[in-house]
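Each of the next two complexes has chain A plus one other chain: chain B in the first, chain C in the second.
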Partner chain A sequence: MSAFQNSIGRGYVVSSTYLSIAIVLVIFIVLFISSYDAFSTVGWKIFTLEWNPSKDKFGVLSMIYGTLSVTFIALLIAMPLGVLTAIFISEILPEKFRLYFKSAIELLAGIPSIIYGLIGIAFFSGWVSSLFELATGRTILTAGILLSIMVLPTIITLSEDALHNIPKKYREVSKGLGLYPFETITKTLLPIAKNDIIGAILLALGRALGETMAVMLLIGSIDRIPDPFYNFLAPGQTITSKLGREIGESAFGSLHFSALNAIGFLLLLIVITLTIITQFYFKKEDRL
Partner chain B sequence: METAQKIIENISENKIHQHYISISNLNVSFGSQHILKNISLNFQKNKVNCIVGPSGGGKSTLLRSINRINNDDYNLIINGSILFNNEEILIKNKDLTKLRKEIGMVFQSPCVFPKSIKENVLFGIENHSKLSQAEKDSIVEENLKAASLWDEVSTRLNESAKSLSIGQQQRLCIARTLAVKPKILLMDEPTSSLDPISTEAIEVLMNRLKAEYTIILVTHNISQAKRIADELYFICEGELIESGSKDVLFSNPKKEQTRTYLFNGTCNC
Partner chain C sequence: MKKNLWIFCIPFLFIACSNNNKTVINASGSTTVLPVISIAAEQFMKTHPDVKIIVNAGGSGVGINQVGAQQIEIGMISRNITEKEIAQYPNTNFVVIPIGRDAVVPVVSSEIYDAGIKSLSIEQLAKIYRGEIANWKELNGPDKDILVIDKEAARGTRHVFMEIVLGDKEAEAAGADLVLGANNEEQTAIVQSDAALGILSNAWMNKDVKGIAIIMPNGEIIEPTLANIINGKFPIIRDLDLITNGEPTGITKEFIDYILSAEGQKIVEENEYVSISK
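Right after this comes the complex of A and B.
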């Protein structure tokens, strides 16, 4: 390998890194520029409830509420289910079945979200409406449940990898000190895998916040915060479902279009803030 | 009559004490691979029982059968009998956690948890009994002293165990095992990844520990066996070739294979 070849390789790697950083920055900047109109016209009134493009009223509170509550429900269901499944596959299931289980679960991740949406309309909304005796099954809860299934493969696969990558000697030391298998999992393995599992949940959170199609089909698309606010059996609206429904109807360059860009910008801010908080909170000191 | 009874009792008690662990007709296979063939031997109490032999001969498998740490290994087949204090270890519903509290193990490469030095020492014992802060402190001090590590780490007990050198980490692992208060220490080539100075520290430590514990040591380092062993067991290709006290085996082995291995380091089994 000559020094010249080496410098080409280095240049390639370095420029790829800078390029991906640049893409993130460009997205951020472009989104901000195209939403600037809305921010400057509407101002702080963007944090109100009413959304009515014909009256130039663009309040996004109900959408932020919808996004956060759907994500909350999804993670509430998917987190314990996913981590426990990961523990089962990695620690309890005999090694020879592991790959079959994992590929089956990874298959779930490959199903297009519109298919999930169709299944949700066909079954879930019907179940929810008959179970709770509602007029419509298209509620925040339905969307949250469906979303939890969609993010499960992310949590399971990555948490399972995190657990499975812990060298065998840690399990043996733990067993050798007289810990029960259950204690080995909770006291030895989970603390070591903790940060990677949190990473898995973060990735799932990102997917839940950004998922559009399935949520749009199931959430009911009504811009309001239910009363009381924890009544998840009411229809709602998420940022993504709003964007998905209205971006086609808005004229390019109009205030409406700019306002839709603004809620996209807010979504990006939410994702970035949550990521920074979590990474700051869980420092990577306990790594192997 | 009464004295005769007492003498018999004494003899039998002595016997138990001398043959602390008694293995007979032990066969271990992994699938179709026959690792240990008809091993019968006794380990002596408060001695350094040293298992020597070439790599891949089944030394570690023998050691790992004693506290059944290999219990969950896929397609393991184990037959025969291992008596510990006259109790059978190889029965199906043996309480393995209790067994492993009594038969502690130190592994080949040091394996500390990503926690502080103090937490590492307490890791096993903390799960077995509730401890007050004072008890914890005294357990940490006592066992780090027993493992000859106290003087080096007493001022930084709350630092990460990963900050220690490899030799110190291995002694921390020994302290962690001692904290559970086992009766027997299984040591699987504990010095093979260490530098000569740390190796010496651990050899001195083993010599000191045998007053309180029974040590079963696996090593492929013949000079180490010569330095610290009391009893020697030569295992080659899954068979026990010869066993006896170190002095006898090094001065006058009965079998030719033992002589070749101990003096030339090669194996002609």
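Right after this comes the complex of A and C.
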């Protein structure tokens, strides 16, 4: 390969990297500029409960609460389930079945979210309401459980890759030392794959925070924090469901539009903060 | 690389297959008006093969915003345009063309209807939406919490209903349990529940979603029938309108004239709305 071709290749790789960084920055800046109106007019009152565009009241607390609690439920269910499934596929399942299992699970990730939402509305919400004897199955819990199914493939596939990529010698050495398979998994393999599994969970977290369609259909869309606040069997609202329901109704350039941009900006801040905290907390150690 | 070259042909295939000679009319807005317009568009396109009419939902607020931003030709609305919305789009001259009349009816799950709640007064409805009545028992119904279904703030059905029941079209409903959007989304929620109260357009009732009568202050009970909408007795009625930016011209005008014609008004009546001529 000539030096010229090489420099083209390099230029392509470098420019596409900078392009993705630039896109993130542009989104951040555009969101901030278009939400500036709302932040300057509403000020700290944005952290209140009442949202009523016709009276210029834009309180976002209930939406932040909804977003965080839905994500919390989703990860609470999907994290153990996902990692355990990954361990099963990588370590226990015979190698020849591995690809079939993986592709079946990856199919889950390919299903459009609106389909999850429709199934959720048609069946799942009904089951939840009859199981807990609720007036309606459109609750924070329903949305959270559905979301956990949606983020599951992300966690499983990436964690499974992390475990599968560990060289065979580690398993052989720990077997040679007389460790049981259970000890091999918990004492040898999981610590090595830890960082990659956390990366998988982080990606799942991002998807859970940003998921719109399925959550919007299932959560009930009411701007309210349930009483008491851990009562997940009540309807709520997430930032994304609010955006999905109201962005079309707000006039471009109005304060309402700006406020909706502002909650989008807050969502971005939440994602960035959580990412930084996780990255910082689990500082990349040297891999193998 | 060469193997995958055919992928680059796909866009050209799409371009080649699409017919660019058609005149396109975009309409969107109220899900109450939507069934009428989509059937009318189908009929109109049969006689005008060179015209393509794309009909989208979204709610009255969406229709007004998109006509205001001059993204679409026809907006469908089931409420009045607010002054705020007119002020928002100084460059747009909204022209409102009524095409039919409709009632907004309080609806309940069939279980509640069968248990004997067949009429409510405006005062009782207001109390339910304000959160002062929370159980059907207080209205001599079964001992079940009322699942109060509210609609998104810019929806036409909500504006018309809240104006009459709570006195302010943008009133907050503290008693609401769910906030939903389109008529069909709300219809689904009411069918799924056995203790729901919601607000729907007259055309969206069926055996599982029962419209209830309204008790007037003088004690008279007014059923939500077509006759009562035509004679204006039913208290919550509204016009169904199309809006355009400036007087409609060309093919848009032809389409609107078709809806206003006898044939178009028959479609309005087949959808259980009241023709504008009555």
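Just so we're on the same page, the second predicted complex is superposed on the first by the 287 of 288 C-alpha atoms of A that agree within 3 Å, B and C clash if a C-alpha of one lies under 4 Å from a C-alpha of the other, contacts with A are read in each partner's own complex, and residues count from 1 in each chain.
Going forward, contacts are C-beta pairs under 8 Å (C-beta built on N, C-alpha and C of every residue); 3 or more make two chains touch, one makes a residue touch a chain.
For clarity, every value in this text was computed on a predicted model and none was experimentally measured.
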Once the shared chain is lined up, is A:53 touching chain B (first), chain C (second), both, or neither of them?
second
If you stack the two complexes on chain A, which partner ends up touching A:3: first (chain B), second (chain C), both, or neither?
neither
Go through the superposed model and pick first if A:192 touches only chain B, second if only chain C, both, or neither.
first
Where does A:176 make contact in the superposed view: on chain B (first), on chain C (second), on both, or on neither?
first
Please indicate which partner A:92 is in contact with in the superposed arrangement: first for chain B, second for chain C, both, or neither.
neither
Can you check the complex and tell me which residues of chain A touch chain B?
94-96, 167, 169-170, 172-173, 175-180, 183, 187-188, 191-192, 285-288
Which chain C residues qualify as touching chain A in the complex?
58-59, 61-62, 65, 68-69, 84-85, 88-89, 144-145, 147, 150, 152-154, 170, 172, 176-181, 185, 188-189, 192-193, 195-196
Spell out the part of chain A that touches chain C in their complex, as residue ranges.
50, 52-55, 121, 125-126, 129, 135-138, 217, 220-223, 235, 245-246, 248-254
Mind listing the chain B positions that touch chain A in their complex?
67, 69, 74, 96-98, 100-101, 104-105, 107, 109, 111, 113-115, 123-124, 127-128, 160, 173, 176-177, 180
